[in-house]
Amino acid sequence: MNNTVIENIRSSLGRTEQTPLSLRPAIYESRQPESVDSETEHFLEEVRKVSGVAQKLSPEGVAATLKSLVAENNILKATLWHSPLFERLGIESILRSLGVDIVSPTADKHDMALCDLGITGADYLLPETGTLVLRSSAEQPRAVSLLPRIHLAIVRPEMLRPDLHQVFAEAKDSHYLVFITGPSRTADIELTVTLGVHGPKNLYIWMLENR
Amino acid sequence: MPKAQLFITCLSDQFYTSTLQNMTRLLERLGVELVFPHEQTCCGQPLFNNGFENKTRAVALNFMRAFSKSDAPIIGPSGSCVSMVKHHYPELFPAGTPEHALASDIAARSFEFTEYLVNVLKVTDVGAAYPHKVTYHASCHYLREMGLKTEAKTLLNAVKGLELVPLNEEETCCGFGGAFTVTYPEVSRSMMENKVKNIIASGADTVVMCEPGCLMNVAGGLHKAGSDIRGMHIIDLLVSKEGVV
Amino acid sequence: MSDDTHTYIGFEEYSEHVPPSIPSAVQQATSRFVDGRAARVAELPQWEQLRQIGSDIRLHTIENMDVYLTRLETAVQAAGGIVHWASTAEDARQIVLKIAKEHNVRLAVKSKSMATEEIGLNHALEAAGIEALETDLGEYIIQLAGTGPSHIIVPAVHLKKEEIAALFSEKLNIDAPADPIELARIARETLREKFLAAEMGISGANFLVAETGTLVIVTNEGNGRMCTTMPDLHIAVVGIDKVIPDWESLTVFLKLLARSATGQKLSTYTQFITGPRRAEGEFGPKEFHLVLLDNGRSKVLKDPVGREVFKCIRCGACANVCPVYKNVGGFAYGWFISGPIGAIFAPQMLGTPAARELPYASTLCGACADVCPVKIPIPTILRHLRRRVAQGDDFAASTMPAPIRITASLASLALAQNWIYRFGTRILPFFMRIFKRDSWIPSAPYPLSRWTKARPLPPFTASFRKWWNVRSAKAKPRAGTGTTSE
C-alpha cells in the first residue's frame, strides 16, 4: 500500500527507502546491584515512600498476617492469581477459613469489581523505585491488581533486578507488562494527594524470606 | 597595562550616565587604559530577538567596525548585550565570510564587566564599602547565556559592611525581556510585581543586579510600589565608600 | 501544518484580562512540581548524562523516523494489532468513527491523550451519537466544566474544590461536598460503572517502541489501565513523533519523564502493551488498533531547527519554571499544549498566521531550556519562529503587521548609521524632559506608554559621551579619546 505519511517524512528528511539507519546513540550503563539484603531493604523502603505498606515475612507468618489484614480491612471477597507459590502457602484455604468469598480471577469484570482484595505475585521487582513488574496471562489476569480496592503482592527476593535494563531484556517479548509503583493516586483537585482514585487505594507488599 | 574598550550599551547610554562614569573610574583605578569608540550605537539585540535578523546585520556591522579599530577586550555593563555580541554575532554571518571571521574575533574578546574583573583581571575586592543589607537579582542572560553564577556575589562579598541577604526566586526573570515589556505589558507587569514582592520580603534596603534593563524595570517597580528600597547596578555599588572615614 | 484551520490565538488579548485565580492556582502547582523535580534530580548524579543521551536518541529518532515507523508498523501487526495511518486530523477522526460504528460503540472511555485533543475527537464522537468520557480526574472535571486544560499534568488546577463540588452536584445530580477526597471518591464510583460498561477504550501513548510494536502508557490514577483493560476494543491515537527505537532507549526516557513531570521517580502505573490480549481470561482488549497521526508533523520535519520540538516527551517541566506561563496559565496559549513548549509547537503545527503571537510570549529568560529533560533549545527555536513571523522564511511569509516591520526598518537604519543614533541621543533628553516629574517619567507617549502603565521610566540622561569628551580633553588631551574625531 502507498503510505503517504512515510513518503512525506522521507521527502522532508531527504531520505529514500534505501537510506540506511544511522547508528543509535549509546545508552548509559545499568545501575550495579548491592547485596540481596540491601537490595531488599532498598525496595521495601521505596515502596513505603510511595504510600505502600511493605514488610518482610516468613512463610510461617503468612496465615496470621493475612488474618489481621482481612480483619482490619473488612475483607469479604477476594480474588487471586493462579500460582504454585500461593498453593504452597495455602492462601486460598486460609482466606476461606476466615470466611472470605473467593472469586475466580477470570470471572466476569463486574464480579471482579466487587472484590475487596486482589492478591498477585510479581515477575520482577525494581529496588530503586519500589516497583512491581507484572506480566499478564490467563493465570495472571490484569484485573486482579486493578479492580479490587486493596492490592496485596506476595513477592520474593529472587525477583529483584538491579535496573530497568535487566527487566526489559527479560520481559520485552511479553505482550503485556505493567509496572506498579505504589497505590493509585491523584492530585488533580487543589493538589490534594488522594489515594485510590481508579485503581487500588491500598498496596501491601509482603517479601517472603528465604528459609 | 591592560587596555580595554568601553561598550556602553544603548540603554545605559540613554539612562545610566553615572553608571558608565563609575565603570570608567573603576576600571581606570584598576589600571586599565580605556578606549571609547564613539561610533557604537546599540548591539542590535532588540532587532535580533524580535526576529528581524536581516535588519540586525547592518547594526552589528556598525558595532564591529567601531570596535575593530583596537584589538583590546570589549567590556560592557550588561550580560545581555555582551551575550548578543559574544554568542549571536557569529550566527549572523555565514561561516567563511570575512564578516563571520570579524564577528568571531569580536565575540572572543567581549566580556561582561564583572566577568572581566573577576575572571580576567582576577580582582575580587575593589575596596568598596557599603554598610547595608543587600539582596541580589540574577539576571537571565547574565546567568544563563553568559553562565555567570558566582562573579557578582564574589565581588559583593568583598564589600565592607555589606550584608548579602537571600532573595526568594533569585533566578526568576523580572519581566523585562526588552520589547516584551511593550508587547505583553500586562504579563511583564505581573512578573515585575512578583519580583518586587520578593525583594521587599527579603528585608534588604538595596537590590543589586548586573543589567541596566532589569534595573529600569525593577527600580521603576519598586518606586511604583511606594518602596524606598534602592535598585542599583553593581558598578554603582562597587564605587561606594560609604562609612569609610 | 495541520489541515484544520485554527482560529487566531490572541495571547495579548487574553493576557490583558487573566482571571486572578488562575495565576495563583497555577503557581501552587508549578512550585510543587519544581521542588519535586529538583529533589529527584539532586538524587541522580548521572542526570546531566541522561539528559544528553535522551536528547541524542530523540534527535536520532527524528532523523530516522521513517525507518522506525516502518519497524513499528511491522511489529504491531506481528503482535496482532491493526495499524492505521492518518495524514490529517479528519482522516484520524474518520478511522476512529468507522471502527466505533463497526463495533456498535455507544460509550467510549478515554485516558488522557493529547493527540485526540489535537484532532477534536470527542466532538466528532459526540456528533455521531457516541458518548466519549474523559476518565483522568482532572480531564473529567474540565470535560464536565466544558473548558480546556490550564496545566498539562493537572488540567483542572484552576478550579477550586468548591467550584468542582458545585459542578459535580449540578451534572451528577448529587449533593457533593467541597472535599477533594470525597470528590475523588464520587468520581471513582461514577467512572467505575462507565469503565465496566464501555465498549471501547481510547488512549494516547507516551512512547511507541519500534522494536516490538509496544505502546507505553504512563499514568498515576489507573484510568489508563482501566481504559485499556476493561473494554473489548482499544484504539490508541498517537502522533508519529512518539516513536522511539527500542527498549534500551526506554530505560532513559522512563528515568527522565516522571522526575521531570511530577517529581516522582516513576509514575504509579506504566503499561507496556504489545497487541491485543492472547488468552481469554487475562483481561485486556480482543482488538487493538493503533492510529498513527501525522497532521502536519511530516512537513515540520523539513525544518532542521524547528523539528527539535518533536524531542518533547510532554513532561511540562518547561511550563513549571516559565515565569510567563505562571502569570497567564494554560488558556492563554489557545491550544492544548501550553507553556514554552506550546509556544514553539503551536506556531509550527497551526501555522504562524494563527499563532504568530506565541513565539513572542517569552522574555527569552532560558529557564525552560535548563530543565528540559531532552534538551530542547527552546529559546533558540523561539527566536527561529520569531524570524518566521517577522521576516518570513522557507516555510511561511512574514505575518508581522506592517507598522512593526516599518519601525524595525527605521530602527535598523538609525542604529546602523551611528550619526543618526548620536543625533537622537542628543535631542531625546530635551524632548523627554516635558514628561519628567521629580526624578521619574511617570507617563510617556506611545509606545513607551505601554511601559509606563506598569512602572515609571527613568529620565533620559544621555550625557556620558559629552562627559567623556570633556574629561579626555582636560585630562589626557591625546590619550584615550577613542577613534572618532568628535
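Lettered A, B and C in written order, each chain numbered from 1.
Just so it is clear, a contact is a pair of C-beta atoms (placed from the backbone, for glycine too) under 8 Å apart; a residue touches a chain by one contact, two chains touch by 3 or more.
Everything quoted here is computed from the prediction, not taken from an experiment.
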Steps in the shortest chain-to-chain touch route ending at chain C and beginning at chain B: 1
Identifier of the chain whose CA centre is least distant from the whole-structure CA centre: C
Furthest chain, CA centroid comparison against chain B: A
Approximate Å spacing (C-alpha centroids) for the pair chain A, chain C: 31
Mean-CA-position distance for chain B and chain A (Å): 55
Per-residue multi-chain contacts in chain B, two or more chains: none
For chain A, residues contacting two or more additional chains: none
Residues of chain A that touch chain C when the two form their complex: 3-6, 8-13, 15, 17, 21-22, 24-28, 30, 46, 50, 105-106, 109-110, 113, 126, 128-129, 131, 136-138, 140-143, 146, 163-165, 168-169, 172-192, 194, 196-200
Chain C partner contacts - residues on chain B that touch it in the complex: 8, 10, 12-18, 20-21, 24, 33-42, 44, 46-56, 58-59, 61-62, 66, 69-70, 140-141, 144-145, 171-173, 175-178, 180-192, 194, 216-217, 219-221, 223-224
Interfacial residue positions of chain C with respect to chain A in the complex: 28-29, 32, 46, 49-50, 53, 56-57, 60, 63-67, 69-70, 79, 85-87, 135-138, 141, 154-157, 160-161, 164, 180-181, 183-184, 187-188, 191-192, 195-196, 211-212, 214, 220-223, 225-226, 229-230, 240, 245-252, 254-255, 264-275, 277-284, 292, 294, 298-302
Residues of chain C defined as touching chain B within the complex: 11-12, 15-16, 18, 23, 323-324, 327-328, 359-367, 369-370, 383, 385-391, 400, 408-409, 411-418, 421-422, 425, 428, 440, 447-448, 450-451, 453-465, 467-468, 479-484, 486
